[in-house]
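Two complexes come next, and they have one chain in common, subunit A, joined by subunit B in the first and subunit C in the second.
Up next, the complex of A and B:
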């Protein structure tokens, strides 16, 4: 057993003028790492998980901020988590993103941390991927040979690894947020703030009257990479969200995940809690889609809201 | 919000809400802690620790580490002089033959910087022969279990057994209408102060050793250091820098203290060791898990008839003073409420785990979790309101418990009534199950007037008043965040009759300060406060004597109010006290005003049968907790906490509230989140991210009521309050969970997956109704 080093090793910092220069530098310096808020990079360096000689400071680069254009909602990679948390636009159109952003770390962390960092660090329990996945998001990447767009689901490839090619960096994420889509992100934690999720669940629901026209559920912290639950269209689209459909969706989420046991819970418990949170997130998202959820009311962090969702109907009973 | 049930006594300083005198430095970052100190030539130390829980040390090869440039010393059991230490002398600073827990120290280095020290550690080769390990105390007691201390003459890894029995247990059982029985367990938790342990050791050219360490039993520390390392304790100075939090974790001398001194000796240079956060969890002392098998009976009229406890402490690999937490647990079993018959059979058992220290509450949160759950289980079985049941059985003033605890003042009844009324208990308990909300109560008894576990329970104080009029108190006691400097300054200011801002408090080092046992057992306000008060009384007499001489008036006609010397209360002819001092001092044949006192409370050590009045006063308190339980995720939110504490007298109400709120938040952490799990030989949460300490978002607003009973022995009637707040949340929250969802928590922390498991297993109380012979579960 060894003690953790007390200070990060020295590094050289390159400050590019724009994305193109950043990408050129990254391509020319294999192993160089982009840094924006530094809330993951600095810890990794201090713990010896990351031993790069070059840091590429992208914190000042304009990646577009938060822009809505029709159904497309684009968020730049250097947008801080705090900007997402406090965005009026997002609270109205994609509350799941706000609900994920507001539970990430502390205010101080959220002031520094960026969306791009949260996605590219590829922590299995990251807050932002599940809500972005349920909006069918794509990721815009810039590289030495130009830009390309990938499905966000293909960005993370494992804990701490991504499909970014050498020299590539994430520039922005575009979510599909059609009018009337309801969404929600909730999670289970040990304490009520400054905690990683034991399980995080996002849901998006589109309806036509009482009939579901689209249902997506995204999971975090319960598989090596954040994931969408497959097969939900089969059970939900064209149906009313009755208890049977909710229970089936919850069961599919439970069966699709592959959690581990650690200080934040046993694998069995996490599967159980994924089912509970899936049903809750869907109900809250559906209530938002139908306009029956109070405007401006964020879901409680774990979705347990006996006042709005009567207690015994909060989820599937075992 | 806080309510003080204040008395009408008129004081000019005592009873005022005065912010802590050290707060400005601390909140602005100006305070210089041990780790901030810069000393020329200072080397950095690091410790090579065992990754194994139980292994024989076959060999240690330090040659490569010694050869590394920048390394000044590499030590291990084979090249230092050390003796065994610890209670029962079962521990060595550097392990010579065996390691008995993960984190055990096998070697250490001193180098020019942290990086080289770390490299040197990696170059030390230790060859281990792994031994079977045991991490459960019940398994450790079984025949054939691995023997952890073969050098000791003990059976079944049981280090100590402490048994007590009083009254006719069999008869009490026959007289009981209902008997409740159950098991209750607590986890390994950590004091987790912000500042990790830091030690600086430096020998001067004559061999005089100075140690800078944020410990709070400095005189004991010096003696144990000398005994273990064969040093002359007259040639050791212990300097205490500001303490960055302790919660008991910095009471005992520990392995790393000895190791730092050994390194300074070997390197002939000053050496600093600062534990990393991970080491603070793995290599410093923890709160010991305690397992209770408890039975309690009550008669049909609602009187408690007996308690019968089997208690097993999971002590870990060695005995620190924390092994004695079982004595506090015993007090609670025998003496919380009026219990005519009781039996405690307790075993302190070695296991291959990090060992228990003296953490705030010292065995009482664990014991109260068991005892106070059974109190509510019994009341419910009898159909009596649990607070009414407690009031009926409450301890009273001027009574003596079966263990000989002489209760002089007791505000338990007032505390219970306060939390009952302020929480809406009567109307709300048992009515919120539809909302998954519930209320639970708990009370405690804890030492509040010192605790005589050593020969002396005393503390010294010295006061000097100089030509400026500054009143300097040099206390034997230590400030470790509990607010003692402020309270001691207030006591001195009140006693002499000067404003509090002319009083300074020094508790610097063993060369300067008078002897004191140390800060533990909620004793500082009571014991150090009485010592300061006596010294102040002496200083005031000398001051008035000086004034009498210079003014030509009889001392008996003089008094001091707000810094002015008055003759028979006449303000018009008043003279500033400092002027009188200067007239006395700045002349031929002058003398200074100085006074000293030593206060040792009128108590006794417990005898071999564990009977004796160990404390000059006892503190009491009651909490009501309200929780909301999410029955599906198992997440618990504490939505209300009402706390009433008998503080004797609130010398500084703001400080009392701070102690109670801080303790309660720490207690909420114990109840719900804090735990140091070990899985497959690896600590899962040795950092503040995973360990689960509560954040500001976790506790509710805490409603504090201070109940004043004006203790006859306490300074201005005050009793200790340092530990009271932490004792009750585990018990009160468990009772609230039972009220909310009908499930009886058997252990804490009540982490979400355990709650889900209890619900699935329908874990409820086991109550036997003797009248019908029926057991209900």
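Up next, the complex of A and C:
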């Protein structure tokens, strides 16, 4: 009765000293797989979805941590979700990332899980892609033939698949976070904690006075890969965010996504939820951009915050 | 592979399968069975231990990845004299354990939340312990015990 099962069928673990050694090893050992926090890898192995001769432990590698340089915010791939959740820098400049990190798993999971693992596992409902997409992020990759940078939107290619070449790994992600940008990430779940999103919505808003100068909305869990909603500039830029503009943006998000029906809701329900969450996320991001959102107040996980944002826009959107 | 760990203050050198989990090493190789195995998928928290001062679910922690680390398990919370810690004592006084299966993980997770300075606030502590399932108590007595100690140590 006391015997806890071993992780999985036999495999070996290699612990490289730095990114260069990790990449060399991955290139020399086809089929070798990076393991960072292991919160996806260990489960995939246990469920028989992943069998490999080599696990390359990258969790201890220095990938630079969280650094802001002008408008560029760079986060190393091995940064834990807990470090993102508790970062002062991110709370000030990119609260959407904190709001996404805070709802991922439990404290224990967040202490282990990394940003790189969340992005490279390419789970459609993953928490971190939507907020990074609304900051127009790029991904720095290292591989046997050197380094390259891609648009983060091109990293995931389908559920569980990425554009990483054999032997290539993600080193860091750089988000564009201009002064004054407001952002927010909220999601719909069946339970408040330890649940995956039925729909996740991130928004970023830049304003000049009351006029919108940029608006982006990123969606998770409602399409095969996380996505940006197209065509929002046309309806929002140069306008004030009145209920009509909000409703139109919400409708575009609803029409752009392609959710499936599963245990987390029917496709119709999830489309409806996307519209509701889009309007809420935009309002919160805009309030942050205008400085009318209380500093250090995180949005409730589903964005319903009538104390700060009263009015019918918080409810269902037409 | 050879693994060096400091567990509850004592040094260990173990020869283990390179893909063994920390949970497996603790229970099977070392015989510290206070740490429980429940779901093995990171959901229940009954296998929670501290690695270098951070809580992890040891069922998903590859032991090879924490070679050289300092581990604290529930057995390490009581102190050398085997007297109970203030938190363990509060669990007893509040009746926060019934079958006791979740208790080791709850104690380790709550201990670290308090050490990290969590406010003595029910909502914050419920959120902080959301990775630890209890099928018996309905949570209230556990939360009461943790709130009390967060306040008295605060």
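The rule is short, and it goes like this: the second predicted complex is superposed on the first by the 306 of 318 C-alpha atoms of A that agree within 3 Å, B and C clash if a C-alpha of one lies under 4 Å from a C-alpha of the other, contacts with A are read in each partner's own complex, and residues count from 1 in each chain.
Rule of thumb we're sticking to: contacts are C-beta pairs under 8 Å (C-beta built on N, C-alpha and C of every residue); 3 or more make two chains touch, one makes a residue touch a chain.
Owing to the predicted nature of the structure, the values given are computational and were not obtained by experimental measurement.
In the superposition on chain A, A:108 contacts subunit C only, with no contact to subunit B. Legend: residue contacts after superposition of the two complexes on their common chain; A:18 is shown touching neither subunit B nor subunit C. By the document's definition of touching, of the two partners only subunit B reaches A:269; subunit C does not. In the superposition on chain A, A:304 makes contact with subunit B only, while subunit C stays out of contact range.
Legend: residue contacts after superposition of the two complexes on their common chain; A:57 is shown touching subunit C, with no touch to subunit B. Of the two partner chains, neither subunit B nor subunit C is touched by A:154. Of the two partner chains placed by the overlay, only subunit B lies in contact with A:277; subunit C stays clear of it. By the document's definition of touching, both partners, subunit B and subunit C, reach A:194. In the superposition on chain A, contact of A:38 is made with subunit C only, not with subunit B. Across the two superposed structures, the residue set of subunit A contacted by subunit B and also by subunit C is 2-7, 192-194.
Interface residues of subunit A, counted against subunit B in their complex, comprise 1-7, 188-194, 196, 198, 261-266, 268-269, 272-273, 276-277, 302, 304, 306, 311, 314-315, 318. Across the complex, subunit C meets subunit A through its residues 1, 17-21, 23-24, 27-28, 33, 37, 40-43, 45, 48, 54-57, 59-62, 64-65, 67, 109, 113, 127-128, 130-132. Taken together, the subunit B residues at the contact with subunit A in this complex read 46-47, 49-51, 102-103, 114-115, 118, 121-122, 276-279, 282, 434-436, 628, 630, 632-635, 637, 672-673, 677, 679, 684-685, 689-690, 692, 694-698, 751-753, 756-757, 760.
For subunit A in complex with subunit C, the touching residues are 2-8, 10-13, 15, 35, 38-39, 42-43, 46, 55, 57, 59-60, 82, 105-109, 111-112, 192-194.
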